[in-house]
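Below are the structure tokens for one structure; questions will follow.
In order of appearance the chains are A, B, C and D, and numbering begins at 1 in each one.
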Amino acid sequence: MNGAPPDIRDEELLSSVIADLIGDSRHVAVGNASPIPATAALLARERGKGKPYVSLLQSRKHNFFTDGARELFDCAGQGRIDVFFLSGGQIDGEGNINLVSIGEYDNPKVRFPGSFGSSYLYYVVPKVILFRVEHSRRTLVEKVDFISAPGVSAPNVFRTGGPVALVTNRCFFSFDPKRKRFRLDSVHPEHTVEEVIENTAFDFDRPAQVPTTTPPSPATLKLMRETVAPQLAEVYPQFAAQVFGVGKTAFTD
Amino acid sequence: MNGAPPDIRDEELLSSVIADLIGDSRHVAVGNASPIPATAALLARERGKGKPYVSLLQSRKHNFFTDGARELFDCAGQGRIDVFFLSGGQIDGEGNINLVSIGEYDNPKVRFPGSFGSSYLYYVVPKVILFRVEHSRRTLVEKVDFISAPGVSAPNVFRTGGPVALVTNRCFFSFDPKRKRFRLDSVHPEHTVEEVIENTAFDFDRPAQVPTTTPPSPATLKLMRETVAPQLAEVYPQFAAQVFGVGKTAFTD
Amino acid sequence: MPVIASQIEDALAPIKDGCLLVVPREVSGVPMAATRALIKRGIKRLHLVALPTSSLQADLLIGAGCVETLETSAVSLGEFGPAPRFSEAITKGTIRMKDATCPALHAALQAAEKGVPFMPLRGLVGSDVLKFRKDWKLIDSPFGDDDPIVLLPALKPDVALIHAPMADRNGNVWIGRQRELATMAHAAIKTVVTVEKLYDGILLDDPVLAAGTLPGFYVESVAIAPRGAWPLPLPDHYAADADHLAEYARMAATTEGFADYLERYVYERRAA
Amino acid sequence: MPVIASQIEDALAPIKDGCLLVVPREVSGVPMAATRALIKRGIKRLHLVALPTSSLQADLLIGAGCVETLETSAVSLGEFGPAPRFSEAITKGTIRMKDATCPALHAALQAAEKGVPFMPLRGLVGSDVLKFRKDWKLIDSPFGDDDPIVLLPALKPDVALIHAPMADRNGNVWIGRQRELATMAHAAIKTVVTVEKLYDGILLDDPVLAAGTLPGFYVESVAIAPRGAWPLPLPDHYAADADHLAEYARMAATTEGFADYLERYVYERRAA
């Protein structure tokens, strides 16, 4: 295994992986409580010299919407949002995500915040990137207790979008909607395939040789730390301070 | 018959009649090409010291809408528009109105502008006042050639509004939705019941003694000519000049 | 990023023969300079949607033979009388007419804006407007008890064409209260804009201006056309040119007079 | 005309026990001063709709026992973690939860805004969100071929409660880009507003301000509440009070700590 330079943090690696996934898109939107995807989207925009448009839902500065809180969803319905990010309290091997609860819905053991826009956006955004930092049998389950949004739909269901990948602190899976399965595309530096298998409750495909995830280049790291991090601090001050050491400023929105 | 003072114009009489009909309302809206209803609504507002709200669709000054051209219709759907005005190339005895054409729809002899919002507003505005200055067998017909909106609907059809009256240059009819008929409530000064019968192609109810329409009081006339007319000139410069002698100003909207 | 075109003709390139074009009502900022440029170019077979009504713009396009199908709630010159080219085209059967009612057009555009296949609307039941719209459906409301309601299919224009007070270099467009212009742009695949002037700054940077701004990512191209709504009004900027509209009403009353009007004001553009 | 109340409590009079109350999302200008006043008054049995999500506001109201039914897409303190009173109420079964997804709440409010009984929405098919919403219907789209689509019944609140930067003496309210506040007011029977300040003039007289203004005829009452969204942010005016939110997250983690929080910041209101 290629060890990553010791000074690369998990959050930086994941942001870099996600930024590569964003690729050549027109419009990337980032929902609530998603600091790593926000980092990735801003990084992609810096590298693309202003392209894609990035809309951070909780931001003022990185938000082009002027028709209220519904505009993101309308815009996605129009086919104008190319990339979105979703997570889940549980994610299963068919790409189903659970943002609601563990246990019976009417008598849950654990309650998560709720489905947010997932029960819609998962169907209509072409590239939905799943991310879940904690990669464990608790989070990557065989079958979710509650389907906030399904990974795949029957052929007669209107669906122009869905999951393309799942990024965790251990590895990077791609998703194949025809096979309804994830495929292990790469394992992050300092992690192993065995470890991924051990910590994943669902079955997945994998090549004979699983490559190692390419760590961010020094140029990407510099861009992330010096240019992206200060922008991020508007929306995620805690995260920006913790990961990038960007001091809390007396920012007024 | 009480002869009206010779210096009262038809338009002033009709505006005064309509202003009385508006009565104690919260919100009166006036559509396109309706100078007499606009005069009446502004008159009602002057008399009510700012109440009702008056929205003149083509005006900037007398228009409270900020959600675009759809807001009037949404607002009516919410039950917030109490009074609206409609006319018709043809109006029949069941209160059906035709704003589209005479003859076969696919091969018409005469084409009118179109239904505007009538096919919706007639159903949801509680007090729709019909006005048609030209009172003749050509305009007040037995049966309209095209129903832009029906006067009454079957009981299972959602309907919170409809016609309450029809004002012409000869008389004032009220409408009874249960009987699906107009009733002659008053004949304007210098006109007669016989003349109304002769010039109306539909059958209507009437009391044994038909009263004469009360002409506008001197105070109402003064208000109309001195206060309302200049406001009107913004939206209906031609009408204001012709009826009230308000000179065309170099108005910039 | 939207193209900021130096020639109005260049900005209009996305508007092709035969396309489904949506334009705003007569008082919302009608792109008349652009309309004249389209006629000059000889555009053909438009499916024209006027949201929800039109005056001079539709009448001109119809008279000049640019329209195959017209979908709107009314065409009229208002105080200046009926729209003569429209009336003649209908009675002679030279255009296909899809009669609507104002809120139906708004709702059908909002359906496209929201990415849903249809929108319900009250009213309409028992009208001949509904009877002649085979593309609209009357169903029993799934939430009612024997409650008929009309469903309108989404109306997704190829292009929305609008005129507005100003745009910035990123293609953000200030539309103010004329929010149906935003709905048109959201619903359409592409949006073409003419503006009175360029704003020197970024409209979205000012929270007060941003409230009335259409974001540039909906916009395909922008051209500057001062007094671009003339002879129609631009809200809060200039009034209608009543003398000119009266002249139009007179000239367009006959085929010959209309041809003279085109010659003088569209092909030659002698006055402004 | 709307009442311009001198006391926030007076403006809140239309909000009765048991009413269907809609409030905006955590970053749109949340009426927190009004929320504290409602808790102080001891409001009960609210059917609370948070459009489309909530943070501190819903958690406070739930913890204080004001909520019978909650309808929203998510409640979370964001960077400060889960919403502890919400999570406990759900796991203990002390409130009735109607889980939604953001665009469904927007669409259901828009249905009420448009006076239609329902709105269609894509997505949702095959999700458990749909499965547990017996009030939503899955139909075959009348415009499709074996194309299932969800219909959402109109959501018509008794009262919309919002906070905005300013209002004028006619009750016109400047909301800027937060246009969901307009939809809430259009959809609700009554609208109650708190504002940072009174605007000295008429907002609708200025075309630039008018573009971001909710007309007064939708508004029941207005009260002035400077920093009325504290400790949540007011867009373009002030940021969230992160220290206070962190303190809330800590205190509200336990029943006792939450009771202390109420004592200190709601009943006594020692800090601001």
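Assorted remarks:
Please note the rule applied: a contact is a pair of C-beta atoms (placed from the backbone, for glycine too) under 8 Å apart; a residue touches a chain by one contact, two chains touch by 3 or more.
None of these values were measured; they are calculated from a predicted model.
Common neighbours of chain B and chain C (chains touching each): D.
Relative to chain C, the chain whose mean Cα position lies farthest away is A. Just to note, of A-D and A-C, the chains joined by more C-beta pairs in contact are A-D.
If each chain is reduced to the centroid of its CA atoms, chain A and chain D end up 28 Å from each other. Put simply, the C-alpha centre of chain B and that of chain D have 41 angstrom between them.
Centre-to-centre separation of chain C and chain D, using mean CA positions: 36 Å. Shared interface positions of chain D, i.e. residues touching 2 or more other chains, are given as 107, 114-116, 121-122, 144, 147, 149, 177, 182, 210-212, 235-236. Across the assembly, chain B contributes residues 65-67, 73-74, 77, 124 that each touch 2 or more other chains.
Contacting chain pairs in the structure are A-C, A-D, B-C, B-D, C-D. Taken together, the chain B residues at the contact with chain D in this complex read 26-27, 50, 53, 64-67, 73-80, 124. Every residue of chain B that touches chain C in the complex is listed here, in rising order: 32-33, 35, 58, 60, 65-70, 73-74, 77, 99-101, 105-124, 146-150, 153-154, 156-158, 236-239, 248, 251-253. Taken together, the chain D residues at the contact with chain C in this complex read 107, 114-122, 137, 139, 141-144, 147, 149, 151, 153, 175-177, 207-212, 235-236. Residues 1, 112-116, 182, 186-187, 204, 210-218 of chain C touch chain A in their complex. On the chain C side of its complex with chain B, the touching residues are 24-25, 27-28, 51-53, 72-76, 78-79, 82-83, 86-87, 90-91, 93, 99-104, 106, 110, 121-130, 132, 144, 146-149, 177-183, 233-239, 242.
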